[in-house]
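Two complexes, one shared chain (chain A), two partners (chain B, chain C).
Right, the complex of A and B next:
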């Protein structure tokens, strides 16, 4: 059995990537109250694009971030304008968007199955199979790059949200939509921006996923369950909460995996989801809705 | 000269009935106007219509003769009309400084925004010591001050305050109304909706009494306080509801 500290390091590294995967989901919910169930489907789509970019064009998955990010950003804005804007102002907006994104996830899964069959894929850049040793600790090289990339992107996003005018407008809309309107924020435009950013994070996560975890079209259901448990633990719509939730659950899942065996690892997330909903439904950083 | 004019405004929410029923009002430049009336009279709705948060079903809102009804809230704000709503609508997890920055959101030039913050802090020096505090941690009166200061960030011509005294201790209420008087010295036209009728009218130049979606009567604030119709409106209601309670 690996040492506790080794597990902690691996768990935190994994958590960094989970945080990037979940942050867009959390932001989309926070700004627009859209629970985007197709978020992970777009992640898997991003993984396929990265996979084929490596196979055909010899583009490294880490480099494909630069393609997937902008591509999914633009795609997200178009998607939001076409599909979600017509629903705005409906009395059951959140429920309607839940169904819409569920349907979207199914459609993307079907499309991916038709294009790329149901075979398990895993991109295989040279660093995917290497490990780096630091004294008595080791970390898979691919995992380290993916975590570094995630942290870099999360930091950039944090800077954008804290320091720029549009970033502040996104945070303001998350905290109080009416108040944002009152100070002159065009909340529809900010919503489109936030949805685009959420999708960009899904696309970028896909690039990382492509060489970290084997995937096939239907894999997104497992991912969305994991991501939802992270977001719920952190508190719906709290970005800090999502990052903390991701780190905590990733570490927990690696511990469970090392003690009970890898097959139990996914169960960690569902168990956490149940516990959070029973004990503290608003999550760690969430506020009770009044 | 009237700066803001409502012409036959009717408005309501969703499929519901008209809350405002063909209301016509003129507001004079540079004065403090106080709108009073029983619950459900349509006072807050009137402010929401002017701010563009609610589209009127019919009628027009004119700012210095130009139609502004039908514009988006951010466009109306750009015309210099701002609203401080009943719940203050601050951003609770942002610092007071960030709230002020958001107040200047429609101004793209960030240096201009920082200059405005300095100006606003000169008008409301009491806000300065809270600049780095989270808005959600302030007391009700402090939040109201910040909300007014945030409204000032756009150099408004008209500032609308929805029940600024709501939930505040009497001493704090005086401070808020004193701050509102400062707005007048800056040449800003002020519209206040108040449940605290006497307080509102004492500080106001003109009073407007709304009842059941209609403008019941209006006049110089001092005359409105003394008007027997005002007492009838409030006391009459109370007697009526007491009687119903006894049944």
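Right, the complex of A and C next:
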């Protein structure tokens, strides 16, 4: 039997990782109104890369963050230029990006299946099976490292958005794209940068995912719906909302898991999504669309 | 003689030939099972046509919300599964034939679609798609763990008590009628006030609402109607398969199929889903017969979707119409 405080600790630790996983998704939507359904597919791809880096090159998943981040950043910018720029100006733009990224997610899923088959994988660095005890509470060591890495990256991202010119331009574009353009922000470049950052966060999350949760190619559908539900809870396009939503739902899911068993913990996210749509469709920090 | 002349005046010549071709095609399809009765060996043809009819019904239904109103749903497999399990459970525990319970299964799916739509269609835009993915995964989770309906092992249904030679025929007619009904409903909606409202919503929902349209109710009704056909198809398909299993109904792949069929044929047109369904099943038969089913099928589906969104957003019908090359035979709007 796990106590309430233990659940809270585990939930918050998990929520930190979820926040990192979802932040890119939220930013891509906020800056460009792109709903990237392939976000989690790239996350799983990142997990495979980290897995093989560990198996073949003996590179620790925490170290492979340094490979996945830049790799996915560059890949993201290329993808944005090739696939999403031609869609600009389309009527029903978000819908088009959604279908496009849906196709992208399927292609990646198929390729991962062809390359690495459908069996469950889990990277196994030495700390993955150890646990640390603090008094009467415990926390899995891998989870702790992953949370620490997530928080560190989220803080760095926050600093980047607050303190640098590029960061300010990204925030301005999120608030009002047209106005940002008028005051001289190169919206196209900012969009490419934001998409690259979003993809980098997917790649980095993949490294963490590789040793935290078992994965297989089709797993990304479950992940994307979990991530989207916490983005919707926080309010689409609100970065703070995404972090708050991630923490809340992670704690709730650990709680549900301790009562009903781990099978039902994903149901927390879906139920929360329906509740949000019923009670407050714009989410916690969202603005009501006119 | 005079009467004949009058009829010629009333019916324009071109419409006459188009209706004639389509009607004779329908007649051929209705009479085709006679071949199987007279001489065995057409079960494969009947099966392939039956699958085409099913996809026509499913995709035409999807088109009502996904095409006319422009709200992409990835949750339609849930209604398909709902219909299949509803009729399947009645067959196993009560012995009622799915041929009688299929319309009720359709209505159950409609009711469920209405209730779900009331919640999920409160918002505009992308939140709806997200909620349909969640619905799909939630339904999968529930069915996988609900032992009464077999859990993840599924439920075995008794076979239909017909001789092997004839057993495809009732399913063939069931799916044919469902497909015709779906096409007719799709056509009627397209030419009704509701259809006009839905298309207004697809173009600009804010303006539609300002113009006095109850957009939320229109969307919910469209969604509920579109669930009806998925429910019926599910009931018939489950009986035909003789077993129900969450993995055959509730996959994102099944949802992607409906989206892709509509994208290829042409979203928001009456003929688009019909054309797309025929192509989808035809190509699938060719590819699977030639190369077997592999992971690369998923990749091909995804790449096709990307290419269509980038280069042919209107699908085949839309691209032809844009170039004014759309044959009248296929112009049903």
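Points to keep in mind about this one:
The rule is simple: the second predicted complex is superposed on the first by the 290 of 290 C-alpha atoms of A that agree within 3 Å, B and C clash if a C-alpha of one lies under 4 Å from a C-alpha of the other, contacts with A are read in each partner's own complex, and residues count from 1 in each chain.
Criterion: contacts are C-beta pairs under 8 Å (C-beta built on N, C-alpha and C of every residue); 3 or more make two chains touch, one makes a residue touch a chain.
In this text, all values refer to a predicted model and were calculated from it rather than measured experimentally.
Using the contact criterion defined above for the overlaid structures, shared-chain residue A:133 touches neither chain B nor chain C, since it reaches no partner. In the superposition on chain A, A:176 contacts chain B only, with no contact to chain C. When both complexes are overlaid on chain A, the residue A:168 reaches chain B alone and has no touch with chain C. Touching more residues of chain A than its counterpart among chain B and chain C is C.
By the touch criterion stated above, A:56 is placed in contact with neither chain B nor chain C. When the two complexes are overlaid on their common chain A, residue A:119 makes contact with neither chain B nor chain C.
Contact with chain C, but none with chain B, is seen for A:270 once the two complexes are overlaid on the shared chain. Shared interface residues of chain A, touching chain B in one complex and chain C in the other, do not exist.
By the touch criterion given at the top, residues 70, 72, 119-120, 122-127, 129-131, 133-135, 137-138, 141, 145, 202-203, 206, 252, 256, 259, 263, 294-306, 309-310, 313 of chain C touch chain A in their complex.
Within the complex formed with chain A, the residues of chain B that make contact are 51, 53, 72-74, 77-78, 82-83, 85, 89-94, 98, 101-103, 105-106, 108, 110, 150, 154. Here chain A touches chain B in the complex through residues 165, 168-169, 171-172, 175-176, 178-186, going by the rule given at the top. Interface residues of chain A facing chain C in the complex, by the touch rule stated above, are 29, 35, 83, 86-87, 90-92, 94-96, 98-100, 102-111, 113-114, 118, 217-218, 221-222, 224-225, 228-229, 232, 236, 263-264, 266-267, 269-271, 273-274, 277-278, 281-282, 289-290.
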